[in-house]
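Have a look at these structures, which come just after this line.
Each of the next two complexes has chain A plus one other chain: chain B in the first, chain C in the second.
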Partner chain A sequence: MASWPRNPRLIGTRIPRLDGMAKATGKAKYPSDILPAKMLFGAILASPHAHAKIQSIDVKAAESIPGVKAVYVQAKAGSTLRFQGDFIAAAAATSEELARDAVRAIKIEYEILPHVVTEEQAMAPGAPAIVRGGNVRPGRAVIRGIPDSKLAEIEKIVTALPRNQQETRRKQEVEKVFDELFARSDAVVEATYSVPVITHVCLEPHGLTARWDGPDKLTVWASTQAVQVVANELAGEFEIPSANVTVLTDYMGGGFGSKFGADVWGVVAARLARQANAPVRLFLDRSLEHLAAGNRPSATGKVKIGASKDGRVTGLLAETHGTGGTGGAGFPFPYVYDIPVSSRSHSDVFVNGGAQRAMRAPGHPQACAIMEAALDDLADKLGMDPLELRLKNLDPNDFHTPIYKGEIAMAAELIGWREKRKPRGMNGTGPIRHGMGMAMHQWGGGGTQDKKVSCTISPDGTVELKSATQDIGTGARTIMAIIAAEILGLKPTDIVSNIGNSTFPPGQPSGGSTTTPSMSPPTYDAATRARDALFKHLAKVLNVKPEQLSVKDGSVLVEGQASLFWKDACRKLGTASIAETGGFQEGLASVGVGDCQFAEVRVDTETGKVKLLKLVAIQDSGLILDKLTWESQVYGGVIGGINYGLFEERIMDPITGVMLNADMEQYRLAGAADIPEIIVRAYEPDEQKARGVIGVGEPPTISTAAAIGNAVANALGVRVPHWPMSPRNVLMALSAAKKEGRA
Partner chain B sequence: MKAFEYSAPSTLEDALKLLSGPDAVALSGGTDLVNRMKDYVTSPARVVYLKDVKPLAGISGDARSGLTLGAGTRLSDIVASAAIRESYPALWQATAEVGSPQIRNMATLGGNLLQRPRCWYYRAGHGLLAMKDGKSLVREGDNRFHAIFMTEGNALFVAPSSLASALAALGSRVTIAGPQGERTILIEDLYQVPRSESDSELALRPGEIVTKVNLPAAAGKSASYEARHKEAQDWPIVLAAVNLTLNGETVSSARIYLAGVAPIPWKCTAAEKAIAGKQLTLQIADEVGEAATSGAAPLSMNAYKVPLVKTTVKRALLAAIGNRYWEA
Partner chain C sequence: MPMVRELRINGRSLAVTAEDDRTLLGVLRDELGLTGAKYGCGEGRCGACTVLIDGEPARSCVTRLSAVGDREITTIEGLEQDGKLHPLQEAFLETGAMQCGYCTCGMIMSGVGLLRQNPRPSREEIIEAMNGNVCRCGTYTRIMAAVDLAARAIKEGRK
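Then we have the complex of A and B:
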């Protein structure tokens, strides 16, 4: 088994990004910045309707505009458009304005079909079915902890009934079990919580620029999280060898799970380029980003949860649903905690909205918000500190439980939980209330084992790493350089970390927090092999044994004594470079994290405004390779979570079927002034470091919104059951509570 | 956007001449107009840039005799004016909180007063009244940011300008130049409720431009307060501006205007009555805030704005006399 250096020089320290200066000064060219010679601008025509059929489509007027070089129709007459933003056609022209004029000049006759765009509409009795099988796809209940004998008994009753009565009866029988369980519980909470659909809002839009370098040779500059996936898809689409497609992503302006493929617009860009015989740039505009480039599904949970006086949860009965537009909306539930008896049934609801795509920790933020709200309300009902309740319900058999406990202790200390937190209803009677809340999350973050990195040492001393992974802002480029520098006794800036090119050795797509754990073992292996090859060569030249050689501070040492500067040592290679390829090494990476976040808020009960004062995020990640880029990931995750907690919401119009806030004005995102003090700490005792590398991109965004929601409930003494914690949702919850005499 | 003819005249006469053509619009900071053009909500044949028109620039006068603000005054210039900050705090505060620094650096007073509503149905091309098949999209659809006063009619958008309400509370007048010469009106008379889709919410006649705004000599105590969602770059959900005439500790009269609640800057007559002759205490401010909500008839999704009317009026009143209890 391989292991990381015991006393690293670089690993785990704070090393600035290699490309930080280029990015900050604008020198870095992002895919959407690349304008190859003779390039044409593309524009997209997308469905203005939520649900419609194209009766006829006429592109003559568009094609006849001077300067318009190609028009491509994707959705022909007869095609059904399933959401506003569904792709219809695109045009390429000598300017962006002309391209837009061209797509506006395409004449289409639509047959408007009935739409459903909200869950309420989709689930209403008599709603028009927009997918075969109906708008609501119920899943079977997943039951845990009810003895098999009892389940068998229920099945016996149920199967005796006619088929169409079985499901209802099964539900009733299961509910009976829970009724008994809750009757024996000391506290029971029954509530409905929800989080809305949000969109990815990548700063750099989706898209690519395509250039044909011959009839079967294609180069594209794509804003993607997976250069090789895009290359393979384009190769498949055009039936050319994938080696003939070069996908380049030197820099990337944000990808949170929605940028893994070539996408219809990418393929169409290449088609237009072929048609026009010139490179074509086709990127989405802001509104299409919201409409067509993915979203995080909504989630609603009708939850009943009970506990005994000592704070041990007795059972959880949950009915959940959500919409991922024309896609599914699943999420894990129950979440994190050890729930002895549970039943959860979930329905996917389909609406005429863009399909969901993976978004930073898919499913988890939704699960976390609902689970943590229910648990917090339960603690309140029991009159118990919610922190204590959580400690009581961690799974004793989970290896992560001691980690959770350590993290909770750290976070509580950092935010001043014991000193400053008061129970609900005790946070004053004035208009301004103070509150604190916490939430917990978990994630995988393990790597794959099939990725490769090449390491070349040239006679001039240059060290170059190559792999077809990409740096989507996580610091992949820097981290690979740190590892090679550590092993070669050099500085990270001495290493050329060459990634973002699909023709390089197989690299990891950046999703699931897997890039660093996938890429660091092969980088380690490649650098080690290259170093050993260099030693072998030098040993001959210097007439020593390779084992006598080592590297340090830019020199090669013989028996610990500096002997040659790195450059001089490499010069001894003559004309032959060293080129080694590294692969997976057991023992360097691991999987599985679980963490907590705490929030402190001030809520103005007269305006409904939630002001975040402080957020504490504790995160475990095994061995941290670069503290700076690691922290950036946690800050970014928390800020994403703040947006989810306070601001974001896709607003669909039930009447016209369109998204009403497909911009960056009414679709609210935090600005600098909305960001509180964020305290980020790694949980990394020595045994954590020994686990090896684990990804960190996704987990820190999971529990922020949940912690904020709990802090707001703590401040107000009233649960705001629907996210975001907007003035409207806060004031509505207060007014409902007042009406019901709860506040 | 649709291609258009562009000109940048330097005299008022030329500007008026250029604007007299059909389908001509004035362009000032462009933060509203250009977006509407990009979205094809407004597609003028001719755009007349006013930046070089000298008489529209600058702030003159003083607080004792009154201030004159050219229509081309940037919002950032208003924020930088010590005279406005000290003597017309209602205007200063309302301006300082507009959007973001970027917007305040570009946006002008004239453009702010004449910006078109942000109603998302209007901005999606459904027109000011947003009627479809005889039904109001606003009333039937998502109206969380729409009017809560005057909702018996079909104009359910809200007047967008923060500055208009502050200037109305301060008793300002606006001067308009047009083909028929110059006229000066009360700022509140610049706004009207459109009755049909061919009406405008602005009482400007074709070819007219706003040249300046006159603030009367500073008298009394003024303030504005807005309730908003985000700190950074956002709109008020509701904004209240007040100007109090004090007789010792007693408020002898008050002007109270709201933004964000009606298709015009909303004059809170009930609140103005409720405060007259009273000493301003927390209790009285609370009552006056409550009075301000009388007549509110929210739509299906915006009842939450009613408590915001109460809060913003209450806080603007108290801010005028230096009580900012919510910051304690």
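Then we have the complex of A and C:
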């Protein structure tokens, strides 16, 4: 078993990112900045309709425009277009403007097909089916905690019925079990909560620039989270050896889960480049980013939850659904808590919208919002502090539980929960109300065990790490340098961290909070092997034993005494560099985090505006390698959650079938003015550090929106059941409550 | 028709051949290789393309070449003076005010524009000046701190 140094010099301190200078001076070249000689500009023609069939497509006029060098049609006559933004064709020309002129000149006859673009539309009786098998794909209920004997009894009743009546009856019988359970409960909440579809809005659009360096040799500069995935896809598409495809991503402007593949536009860019015999740049515009480059599915949960007087949950019955456009919309539920009896059935709803993609902690923010809202409403019904209710329903056998308890205590203290929080509905009668709320989340964040890093020490003293991972803004490049510098007794700036190249040793795609836990062990291993190889060589030259050598502060030590500067030691290698490859080492990385966030808000009941005052985020992630980039990740996650909690939603027009806010004006994102005081703290007692490295990219974004929703409910005395907590949703909830005499 | 014109960029006079209706952003990036200004939304809403025109922050993605004339353009590439970074660039590095870095140049240009007009901005003034620049990675807390730090550094330097 390997272990991290017990008294590190660098690990766990605040180290600025190595590429900060390039980013702050404009010298960092992002894939969309690259302009190879003779490059042509690409433009995309995408479906203007939500659902249509191409009857005919004519590119003659487009091809005849001077300066237009290639036109490629992806969706030929007879093809069905399944959403606004579905890819049809692309053109390459000597200028961006000409390329756009070219795609505008493509003549298409469409047969417009009926569409459904909202869940309401898709689920309505008589709605046109947009996929085979219908717009709603129900899953079977997942039941926990009902005794097998009872389930067998239900199955006996059900199977005696004709097949088409079975599912309805099964549902009724299960509901009967819950009816009995809820009848014995002291408090029961029945409510429906929902979160909307949101889009990734990566600031750098998806796309790549492709250059053929020979008939079977391709170089691309791609804005991607996975250089090797893109390389393998392109190699497969063009039936050329993977080794002949080089994907380069020195920098990239955000992915959040949506940039793992070459995508249709990436493949088409390479086709156009081949056709035109010149490099082609093809990136999406902002509108297509919203429409076609992925989204986080919506989620709606019809939930019935009960508890006994002491705050212990008795059972949970949930029917959930969501849409990921033409993709699924699953999420884990129940979430975090120990629920003794539960039944959850989920349906994926299909609409004419772009397919969902992984987005920062896929499924979890949805699960968290619904679960935490239900628990909070339950606490209110019981007249209990929601913090106490949560403590009562943590699983005593779950390793997360003591961590949760420690974190909740920290967060409650930092936000002033005991002093400032008043029960729901007790926050005044004037138009401005104050509220506080909390929520909890969990995530995996473990790594893979098959990644490799090479470490080369050259006679001039240079140390270079290489791996085919990439830095998507998280600090991966810096983290790897810190580890090598720690082991080699150097400064992180002495290390060249060379990543973002698909031809390097296999590296981790940047997703699932797995990059750091995947790349740290092989980096540690490679640097250790390289150091030991250097020691072996020096031992001969210096006539000592390798065990007598060590490194510190840029020097090689013999028996603890500084003997040679690093550069002089490396010079003794002569002409041969040391090159070692490192792999997985047991004991350096781990998996599984669980955390909490608390929010404080002020709500104007007349305008419906929610002002966030303070956000406290406590996050564990084992051993933290760089506090500076770690905190950046947590701040960023929280701000992503603020966007989800207050602003973001994709708005579809049911009549025309188009997205009404496919831009950055109507699709609202937080700006500087929307950021509250954010307190970020690591939960890192020694036993957490001893777990090794765990990823942190995703978990801190999960519970923010849920905590904000609960704070708003606390302020208003009324639950706003639909996210975001926008003026519209707040005012709708207040008005509904007024009508029903609840407020 | 494309025409040859002189643009005043970063203290130099540069000749470009381009149509009147080309965006300044496209010309900077694809004709002059000044890629610090980025395309983010193409509608002046995200701030990634921010440059200074006569010292004022402007969205180069919605600025047509015809509107530039002989006004002085400053891009991120022109901030460095005598091998020294602008105090706001230093402050971004010191506070670690970046993640993916795609918005960073636009952020810095908006901040530099503010500091030129108002070297001692209040917190509210910083927020107002920076509010139109979007950072999807969520680095605002440090970006605000960086602008504040630079303002203080400029003040110290002038004493």
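Definition applied: the second predicted complex is superposed on the first by the 743 of 743 C-alpha atoms of A that agree within 3 Å, B and C clash if a C-alpha of one lies under 4 Å from a C-alpha of the other, contacts with A are read in each partner's own complex, and residues count from 1 in each chain.
Here is the rule we go by: a contact is a pair of C-beta atoms (placed from the backbone, for glycine too) under 8 Å apart; a residue touches a chain by one contact, two chains touch by 3 or more.
Remember, it's a predicted structure, so these values are computed and weren't measured experimentally.
Asks: Once the structures are superposed on A, label A:G671 by its partner contacts, choosing first (chain B), second (chain C), both or neither.
Replies: Touch partners of A:G671: chain B and chain C.
Asks: Have a look at where A:G695 lands relative to chain B and chain C in the superposition and call it first, second, both or neither.
Replies: Neither partner.
Asks: Residues of chain A touched: more by chain B or chain C?
Replies: After superposition, C is the partner touching more of chain A.
Asks: Using the touch definition from the top, say if A:P727 reaches chain B (first), chain C (second), both or neither.
Replies: first
Asks: Looking at A:N661, would you say it contacts chain B, chain C, both, or neither? Reply first, second, both or neither.
Replies: first
Asks: May I ask you to decide whether A:P492 touches chain B, chain C, both, or neither, giving the answer as first, second, both or neither?
Replies: Neither partner.
Asks: For A:G306, decide between first (touching chain B), second (touching chain C), both and neither.
Replies: It touches nothing on chain B or chain C.
Asks: Please indicate which partner A:L628 is in contact with in the superposed arrangement: first for chain B, second for chain C, both, or neither.
Replies: second
Asks: Determine, under the contact definition given at the top, whether A:D19 touches first (chain B), second (chain C), both, or neither.
Replies: second
Asks: If you stack the two complexes on chain A, which partner ends up touching A:G85: first (chain B), second (chain C), both, or neither?
Replies: A:G85: touches no partner chain.
Asks: On chain A, which stretch or stretches are contacted by chain B in one complex as well as by chain C in the other?
Replies: 97, 665, 670-673
Asks: Give every residue of chain A touching chain C within the complex, in rising order.
Replies: 16-17, 19-30, 32-33, 35, 41, 96-97, 201-205, 251-254, 256, 283, 285-286, 472-475, 628-629, 632-633, 635-640, 642, 663-665, 669-673, 675, 678
Asks: Using the touch definition from the top, list the residues of chain C that touch chain A in their complex.
Replies: 19, 22, 26, 29-30, 33-43, 45-46, 48, 75-77, 79-80, 85, 89, 92-94, 96, 98-105, 108, 126-128, 130-144
Asks: Where on chain B does chain A make contact in their complex?
Replies: 1, 3, 100, 118, 120-121, 124, 126, 132, 137, 140-142, 144-145, 227-234, 237, 303-304, 307-308, 310-311, 314-315, 325-326, 328
Asks: For the complex, which residues does chain A have touching chain B?
Replies: 97, 431-432, 604, 606-609, 647, 651, 653-656, 658, 660-661, 665-666, 668, 670-674, 726-728, 731-732, 735
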